[in-house]
Amino acid sequence: MDDAVLVTTIGATPWYENFWVHLAIGAVVAIAFFFFFIVMYIWTERRVIGLFQGRLGPNRVGPLGLIQSVADVIKVMFKEDIVPDKSDKLLFWLAPFMAFVPVMMILAVVPFSENFQIVNLNVGILYVLAVSAISSIGVFMSGYAGNNKYGLIGGMRGLAQFISYEIPLILSLASLVLISNTFSVNGLVQAQTLPNILMMPLAFVVYFVASLAEISRTPFDIVECDSEIVAGFNIEYSSMKFAMLYLVEYGEAVVTSVLVATLFLGGWHGFFIDGPIPLIIKMVLVFLFILWIRATLPRLRVDQSMGFCWKFLLPVALVNLLFTAARMTFFPDLSNWIVIPASFVFTAIVIYLFAGLFKPGRKVAEND
Amino acid sequence: MTKKIYEELQENCECARICGDYAEIVPDSLPDCALFLKDNGYDYLDMITASDHIDEFILTYTFKNLKDKDDVMLRASVSRENPEIPSLSNIWIGADFQERELYDLMGIIFTGHNNLKRIVLWDGFEGHPQRKDYKNVA
Amino acid sequence: MSLRTEEFVVNVGPQHPSTHGVFRMRFTLDGEIVKDVEPIFGYLHRGVEKLMEMRTYKQGIPMTDRLDYVSAINNNWPYVLAVEELAGISVPQRAEFMRVIMSEMQRISSHILAVGSQMNDMGSFYTVFMYMFREREKLTDLMEMVTGQRMMYNYMRFGGVSMDFPAEFVPQLKKFIKVFPKYMAEYEDMLYDNEIFLARTKGVGCFKPEDAINISTSGPVLRSTGVDYDLRRDKPYSVYDKFEFDVPVGKNGDVYDRVWVRMEEMKQSVRIIEQALDMMPGGNRFCSKVPVALHIPEGFTYKEIESPRGMLGCYLESDGSDKPYRCHFRAPAFINLTALKTMLVGQKLADAIIIFGSVDLSMGEVDR
Amino acid sequence: MEINPQMIPSLDDADAYEGNIVEDLRRSSLEPLPEKVILSEEELKELNRNIIVTTLDDAINWAHKASLWPVTCFTACCTFEFIATSMARFDIARFGMEVLRPSPRQADLLMAAGTLSWKMAPQIKRIYEQMAEPKWVVAMGACAISGGIFQDSYAVVPGYNHIIPVDVYIPGCPPRPETLLYGLEQLRNKIGHESIRLENK
């Protein structure tokens, strides 16, 4: 496994360089990475939100409550599996898989270190976008199949939100591809001598907010908001199926934080060592930022969240694409010292301008 | 010292008598007494209640004048055989739930109330528990 | 061709995370717009008024505690005032001030719950609620120091109060009063500087003053529409005429104004407690002599006080025996709920839940 | 209480339909339901001789004990003592209980907090039946145990155990947060004794 990228031809190659062996090892590592971090994220969320709220999180189960989420998963597995009799049996059974499996598939493209990547697709970004769209179908399917009015409303809201936030997501990735003129995720990481967040802060803002809405996290968690529609789409699910839908939420958080770390914070580039360690550190930092948002902000209304996407995120993403394209054509080899401050100033101007345009829900005159 | 409002009330509608700080009125003249009060500034219906005095129900209404901070009490008595009294819910929307509760617990029928049915107890409940002669069946 | 959409009926049923108790509303929804709402009461009807007729006057006091269980001390007051007027019992000056101090403390803790759960309905995942609850726990400790109970105080008696203030209560209360405005500033940062909170409350559920008077609402719901009426100042009972405090009045009658009125009322309560602590006479006469077997001469009366939810009144009839002949409570939240139809119809489901939450009801008092 | 499909009412006589359910529930549940079976000491010893089952029992019971998710179905004043217990000062998140699942399908502990009136009884019964199987009920407060101060009222069920089987009774009106935590500790001990072999006895 020298520095050659891992695309090997089938033929007289030793067993350890055989394509299928790589795939098997890679799949095992990715799934282990995925489930380990899901369990850790559940624990981190409950502890960190406890920290934000001035209380201790779970600390009775194992040291510091580390195996709390393991206990949760075991308990949920041994619950009775209830299928409502007037629900659509096939869809009811299929929905958790449709929601859960695509989230895992995204990890196939993420480069964990210089030369360890399960599949080195040269159209990595397109693959990621295509697969993440499938899980939104799964969410709607689970909402519809449960034959529950709240589930239906939750499913509808989820579908509307996922579709409308997909477009700013794609546009921000498009501007990223413009800079490093490659579609493959590993290529993007290698092109990031400087993390992309410095080169393209506006793209980072758009991408981060849009992916927050994709995984329906506060302030966009209108899909499974328990104060209005009791438990959103997963209202009729109980044991193992509910575990899958519960893990979809955290799985998407894992995948989003990995993608944000890879695409914008320089993936496996570290200050001293390259490899998975810096990636994991950046991933956890991104997740802590998501938790910070979750603990403080209330949630937006459905139409405000839609309005925010179409009236604010989309124009900002388009302007950012325009600005990047213009920069790349007229002065392609500008030194970084000019590009970074220029793009930060540009971000500030654009956000200030467009924020004035879109005031969510402020119809009445200010009264004090 | 009976309030000035009670004298005016007495001329306009034929209510029985003024005593102390409340006015006894005939049940049928309740709507126009209430309208009279509403025009003279007592536009806030505060409370409707009823009490069971074996052979009659005594209903008590209190109104408030939010500007001059003054309130007025009207009382009407209704016989036990046909506990009928005209409803105020088309003048004040606030009377809607209070009248339904009195119908539910006390059994007083408010004529003219658009959906007079039980509010606090379930539909199959027989009897009106707030009456003195109610035996607890369970 | 216009798409035929039919409305569907949803039960925001007795068991729902944000109905503040067992209250059921039958929403007729067209998509997300509320077409019609029908409140259904009675899920917590305990027949308190019938039980009061079976108990002697003194046994009736703990019954009133359980009426509005969020502000228990304010429920005793109208019942005690009514009995004192009928029986002609005088109350020593020190007891009057103790009653004012305790009920104002209870008003602060009740408003804390109202505003805190308002933020919960908006989805801020208990964070603001937990910060506000920190103060409520301090208030509960202070109340427990005087009455020995955390929630059901059973503190007022005919002719005064049941126990004198312990020695270390007044300094602790002074310390709390000095520190509380700092925490109030903290809450205001969390609320008024929160862009999403403003987006979701300004201009939502507007309620005109004429409607408010016609629907005979009272308390913060009435004052938020601009009608300036507060029993403590306009029809002063007990010793409220000795304090000078101002009554906060809103302008547009929307959810923001109701939250603002409750926050300002908390500040006014702090002012009242300060003045009451200075003006409180010393000595240890906290209750006048009352015969145990209290027989009250024939008569009826109607006394009203300003509870955190509105005008709580007690209509008491006595027939000379030692049991009340008829005891009816005017529940402010029960009558405020008639305003639901005018406020909710035409709003979106997400707003309907918040507007309903801003009416701030407690089911014990609504169903009695 | 099974709901046969053709009896689903149209909108206007839904209240009458609910009234009938309340009436016949009120006539049918006059005595408290029998208590759930828990293992006495010698039964436990006789069971422990079988090693395979006990280790599996311990693992499952540990998982049940570690993450009890209460369903948010609170009726009256005890609600606010439970909320006070789940707040920062008496934090039940330490026991992994702060995931308040609103839908009964995913919860396994019904916190019966507060007075139960006859109109609410069929709803509580339906919520209990909707919960997935290993489920427990904690009757919190005097009203939940025996109707409490409202026992002789015409509209109050004298105790939750007339409607649903109850595991742990926590006295107090309302019980202090420390009492509630002690009661939940007793519930966890009770769960520790259960065995998968006796699940449907």
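Points worth noting:
Chains: A, B, C and D, in written order; residue numbering restarts at 1 for each.
In the analysis below, a residue touches a chain if its C-beta (ideal position, glycine included) is under 8 Å from a C-beta of that chain, and two chains touch if they have at least 3 such contacts.
Treat the numbers as computed from the prediction; the structure is a model and nothing was measured.
Note: the chain lying farthest from chain C is A, by mean C-alpha position. Centre-to-centre spacing of chain A and chain D amounts to 38 Å, using the average Cα coordinate of each chain. Rounded to a whole number, the gap between the C-alpha centres of chain B and chain C is 25 angstrom.
Measuring from the averaged C-alpha position of chain C to that of chain D gives a distance of 30 Å. Inter-chain centre distance (chain A to chain C, centres taken as mean C-alpha positions): 44 Å. Chain contacts: chain D has residues 15, 87-89, 100, 102, 119, 152, 154-155 touching two or more partner chains. Across the assembly, chain C contributes residues 16-17, 42, 45, 47, 50, 130, 134, 367 that each touch 2 or more other chains. Each of the following residues of chain B touches two or more other chains: 118, 121-122, 129, 134. Under the stated contact rule, the graph of chain-to-chain touches falls outside the line, ring, star and complete shapes.
Those chain pairs judged to touch are A-C, A-D, B-C, B-D, C-D. Residue ranges of chain B in contact with chain C, taken from their complex: 43-47, 49, 51-52, 60, 62, 66, 69, 71, 73, 92-98, 101, 105, 118-122, 129-130, 134. Within the complex formed with chain C, the chain D residues making contact are 11, 15, 71-77, 79-81, 83-84, 87-89, 100, 102, 104, 114-115, 117, 119-120, 123, 127, 149-150, 152-156, 173-174, 176. Interface residues of chain D facing chain A in the complex, by the touch rule stated above, are 59-60, 62-64, 66-67, 87-89, 91, 93-96, 98-103, 105-106, 108, 130, 132-134.
Considering their complex, residues 15-16, 18-20, 22-23, 26, 30, 118-119, 152, 154-155 of chain D touch chain B.
Contact residues of chain B toward chain D in the complex are 117-118, 121-125, 129, 134, 136-138.
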